[in-house]
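Here subunit A shows up in two complexes: once beside subunit B, once beside subunit C.
== the complex of A and B ==
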């Protein structure tokens, strides 16, 4: 049920201003350090429209780095939702539902995230499956139900990008809410989800029907975007190399020598979802919170009594890649990677998906490295 | 304090500690009664918590009898279990679950059963012992091989006579004989020759420290037991119990939702032993 329109660029501020009326607008903004990052927009004119291909992942609006889950009143009185929760976790707990002595702090705020890339929309489709299949994660579910993504087709991919080999970008045929293609003075607008279509139709007076010239221009952007990719990466051949036993522990040991254990790849990855849970104590209450965690940290699997599986660094590197290259295809029939290239931008040791996949290609049948 | 009706899997429900029965140094059995009936199976676990301390996965140590009671056998090993050990009768403890797959009782139907336990690893097997006692026709001869570090660390000692009276063969060994111990000494894996069951036809349920599990599984396999009938329950660091937090991911499996009960075949093919 894909629908297509044209939005003149001089209408975009007006459109965003209208959209913001009944929800938070999140978009790419320049922070004090001049980096472009996703933040809640206060001033529409500050939204960066000529955005770079890669921004930090918008996953934090579905799965924030720090999230209050439950609040339990120690004194036995039902606590009032609001001030307490707000100071701890800004923006959370707008509509808390009560649960006996417990408050469920799931964030039900409505949001529109403007300016994400196709790779991130593809990542969200996988996150949906991870968080909502089997046991449903209620915190993800509430945020997801209330979020709308407006994505922008990549017309200028970074040298680190390789979505093209995975079918996760630079543009999508389906599975998005609203997708914009920058045609210079206007956007080609496509809506795919029911909520996306409704959102455009609510302000149909801003949009016109596309003409042949618009379609031609969009096609040209698609073609030129595809031609601009530097990397052609096949994760399927990496998966096969692992399953065929060509990737030995010696390979992972060598790779791990370059690992600083900073966790940057995990925090930047739009598909890394590991978290830890902790209780925060306050004079009158306890909050059960969750925080991003990473399998690359030594203590991640430590059990009571000091037993430490995966104590060797090499095992942790291997686990990260196995999860994305072997486990994800087995469970979801898709790689746990959308080719966004953020790990390549972040990692000081060049342990990123594209580099590792390329290095695996150089492995002989017996697992030894080919010498040039 | 009722079971969560919100549909939020992370919301625990409260239970009252009915009685605390010390088992050994740092190990106690907590009998917890909840308001709504509990329905759990041997081999499953609950996420057990105290507000302000945190949550830990604890295997059920009793057989579910539709009466809103569960036994949790807990060793004081860290911050949360330390806080749990301060609980007394009448105190409230919080539960989520039950989670996990549980023991596949079909695997032992009509067969002899060998239960192999080490230390507190007897606790997750106790519901099986109760099951076989109460359903004597379900399996053939049931033998428990149990090893503890020392006589003082034997858990469920008071119940073993009752188990014997009701048809379970119980063989106990300790690593170090102390305090006038006159029973067996040595590893639990040294007891195979005392078994009166045909191992090629029997089913084994194993729980204990990983080194013991690893040795027991390997030896039973070499003695001819098929790997699908060598069954264990594994332990892992867990934060959620529902396959989301990622901590217990091992091989391509989550211990919490795909396990914690696995056959030797699964343990080998997925590389589930944690200490590598």
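== the complex of A and C ==
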């Protein structure tokens, strides 16, 4: 169920200010280095609305790079001082349930992430399936329950973007919380999730019903957005090329020569979920943390005795692409890529999804099949 | 969620990154997308630079040695003890009985303060830091040839170059973000020449890979120059107008015919000719080098040979044309610039020059010692001889990083008093009398200078752990206790003093660095925009000088008893003595142990397989690492990374030094291999 309204631009600061009262408002801000990054918004007028370049993925708000999972108190007391206490963040600990000596540090902060892109929202939908179907990841679940995304229809895709070929952007028909389309002097507001609809309705006096002219303008933005993509990539033709055996190992070897093993593609990917878990022993407590990891590192699957099932870098590069292009469609019926282009921004060797898919296109002779 | 722009604490690339902070804790890092060096990328170390900050091993209080080991102490107690002991030793044995090791991991401001502390408070020029072990040959070699020892170009110029000559640098692993620009240049059609005995990743992209024998760089470069002169490819106009001493140098070159050089280096004469032609004929040619050039007993000569090569073909003083030493540590350029060296003040102003000395004496209101002090290796030698009795080590770990560490241990054990100031306990701090807890890069303000001379701000993202303090604050507090006031309201005030006393940093002030990504020195005044490339129109010293060099074989070539040539270096996932990266889950997981790289043919002869345990013995000691069989190393050569205390490569290395730069020959020594078990 999708509901639609119009919000005058004059009203957006007021709206955000009200939303901020019971949520941490995170939005794109320009900082000292002239980059635009997602941060807690202090001054609402500083929010950068015409998102000029691709941003780090909002995955970090659901699945942060460094996350405290639990703290086991060795001394039997809740740490109040000393090295133990310094690592329990006051914000996270206010509500933490205490069972015996185990401190569960799941983050229950309410967040509103403003200004994400449609591809990010599509990615979160897939992340939900990974983290919440079957085994439910409690840390992800807590954060997910408390987060609301306001996405913006992209009318200025980066040269690296290719969501248009995947149906994950530049705008969405459904599956978002709140989606804004910039119509110049006003926003076309759509809410799809229950929480999204409630959030708009709570302040219904700011919104009005859309008229025919608004709908026409919105359609025009959609058309213009679709026309602006530099990259037109069908991952299906890559998938076909792989499944039909046209991509030989020599191809992957050549690709892998350019891999710097930085892990950037995985860290930046809004869909990658590799993590590692480590225990850190403090004088009076043990803390379990989880950290982003990547399957592109040989040690990720190291077995006892130092055996490396994927010791060759080529095998790991191949696995990453296979996972996104072949296994994802098998398991989730969708590609493990939303075309956000972040790997293209971050890969020092320029062997990102778009580049490789383009190269594989040459290997695929019949690109006429349907998407899975 | 707050994101604070800072600079990566690992290598000299100086990548811009954001430190993510939530509730006073670091939750991650991300690359800056508009930074001129990394442009949205980071290497694996940068991506993981957030984790060690909150590691439980962090030093949180001062520690004082007592009968049973170390006990916690207050700052007051620790600083009082240090002040008393240092003053006592100075009164009894003179100021030169104390040595100071500054740190290429600390900020410019902290290095400047440490240099001031050594000279004005302790009264000695015995101050040095790890640049001695990596690029002292560059500082000496390039200063003599051009008048300035630093990368002459900017990193962002690399992608537009048409020829890249990389010698003795494993760029993809050790300066990944610079290699990224190199790859971009190759993609655009640039020619890449790599000279390295090992088949490194960057060599995979090379159009020509010269695998010369370790330690024969001078011969190789002289051979190339011999061809350039012989085939008339010299940029005669450049040589005539901008250099001196060419004629006698050309005379010297005649001995190095390609055939003679093939004999020495093992590189085919024809390859030498090919390289000479393409290097000299292209315009926009950039030369890069790193430890493979500098860490030899002929380190200075190697550097001079590189300098001669760029002058011969006129590849310097223009954008995308120059000679580019790739500095290792995040702030090793800055630590040198700040004068954490025994013979110079900040900006390479010589302590022996009475005018420079008077300037600093007047600013600091203190008589300063005139004679240059001791280098790291000489300090260790003096300690062994009983002349150096106390040492103050800030952010260094000589017991893993210096050559022949069994000998270093002896030296340190003989000292009466050792202070170690660091963020983590390390091999050296185990021998300390007092350990002081320092703040990490994410917990303080200041500037780092990267390898392209870019001075960039680092910002405080979180409060220091426990009672740890920024290194600069510790030095000032100690100085106050020793009766000399060093009082600053913040790092920006120190920078003001640096700008005042250092011509090349004259216009570099914190408020100018706070927007954007820093300034490149020389930047003489506060309206100067910084200098992207050096030696435009004329060299810093006027005319460039062709300096004679001669080929000298390594100090300890393989022989019958020790038949293998050992070369040492770093791994991609680790960094130096591993205090930070070995406490980072992913990095340590990737390379948890020391592996000695050995060629398949050698391995077969010795009956070794992957992961066999082998005893590696040199004339100085033995270690027992496992084996990695790989054709990256040529036959007869083995490679051992020096990060691992469990099998410390520097137990084996040869402390023989370059006579000028006093840099030890880490890259060549002779070892013997014996199988222990497969």
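Here are a few things to note about the model shown:
Keep this in mind: the second predicted complex is superposed on the first by the 344 of 372 C-alpha atoms of A that agree within 3 Å, B and C clash if a C-alpha of one lies under 4 Å from a C-alpha of the other, contacts with A are read in each partner's own complex, and residues count from 1 in each chain.
What we mean here is this: contacts are C-beta pairs under 8 Å (C-beta built on N, C-alpha and C of every residue); 3 or more make two chains touch, one makes a residue touch a chain.
Since this is a predicted model, take the numbers as computed values, not measurements.
Partners subunit B and subunit C, once the complexes are superposed on subunit A, both fit on it without clashing.
Contacts of A:302 after superposition: both subunit B and subunit C are touched. When the two complexes are overlaid on their common chain A, residue A:106 makes contact with subunit B while staying clear of subunit C.
Of the two partner chains placed around the shared chain by superposition, subunit C is the only one that A:26 touches, whereas subunit B remains out of contact.
In the superposition on chain A, A:167 makes contact with neither subunit B nor subunit C. Superposition on the shared chain A places subunit B and subunit C such that, viewed from the Cα centre of subunit A, they span 80 degrees in steps of 10. Legend: residue contacts after superposition of the two complexes on their common chain; A:131 is shown touching subunit B, with no touch to subunit C.
Looking at the shared chain after the overlay, A:257 reaches subunit C, while subunit B stays out of its contact range. By the touch criterion defined above, A:288 reaches subunit B but does not reach subunit C.
Once the two complexes are overlaid on the shared chain, A:362 sits clear of subunit B and of subunit C alike. In the superposed model, A:315 makes contact with subunit B only, not with subunit C. Between subunit B and subunit C in the chain A overlay, the least Cα distance found is 10 Å. Across the two superposed structures, the residue set of subunit A contacted by subunit B and also by subunit C is 276, 278, 281, 293, 300, 302. Touching subunit B in their complex are the following residues of subunit A: 69-70, 72, 74, 97, 99-100, 102, 104, 106, 130-131, 134-139, 273-279, 281, 286, 288, 290, 293, 295, 300-305, 307, 309-310, 312, 315, 319, 322-323, 326-327, 330-331.
Of all residues in subunit C, those touching subunit A in their complex are 1-3, 5, 16, 18, 20, 22-35, 40-44, 46-48, 50-51, 54-56, 60, 172, 176-177, 179-180, 183-184, 187, 201, 204-205, 465-466, 514-517, 572, 585-586, 589-592, 611.
Listing the residues of subunit B that touch subunit A in their complex gives 1-2, 4, 6-11, 51-56, 75, 77-78, 80-81, 210, 235-237, 239-240, 242-250, 252, 257, 274-276.
Taken together, the subunit A residues at the contact with subunit C in this complex read 24, 26, 31-35, 37-40, 53-54, 56, 60-61, 64-68, 83, 86-87, 89-92, 257-258, 260-264, 267, 276, 278, 280-283, 291-294, 297-300, 302, 306, 345-350.
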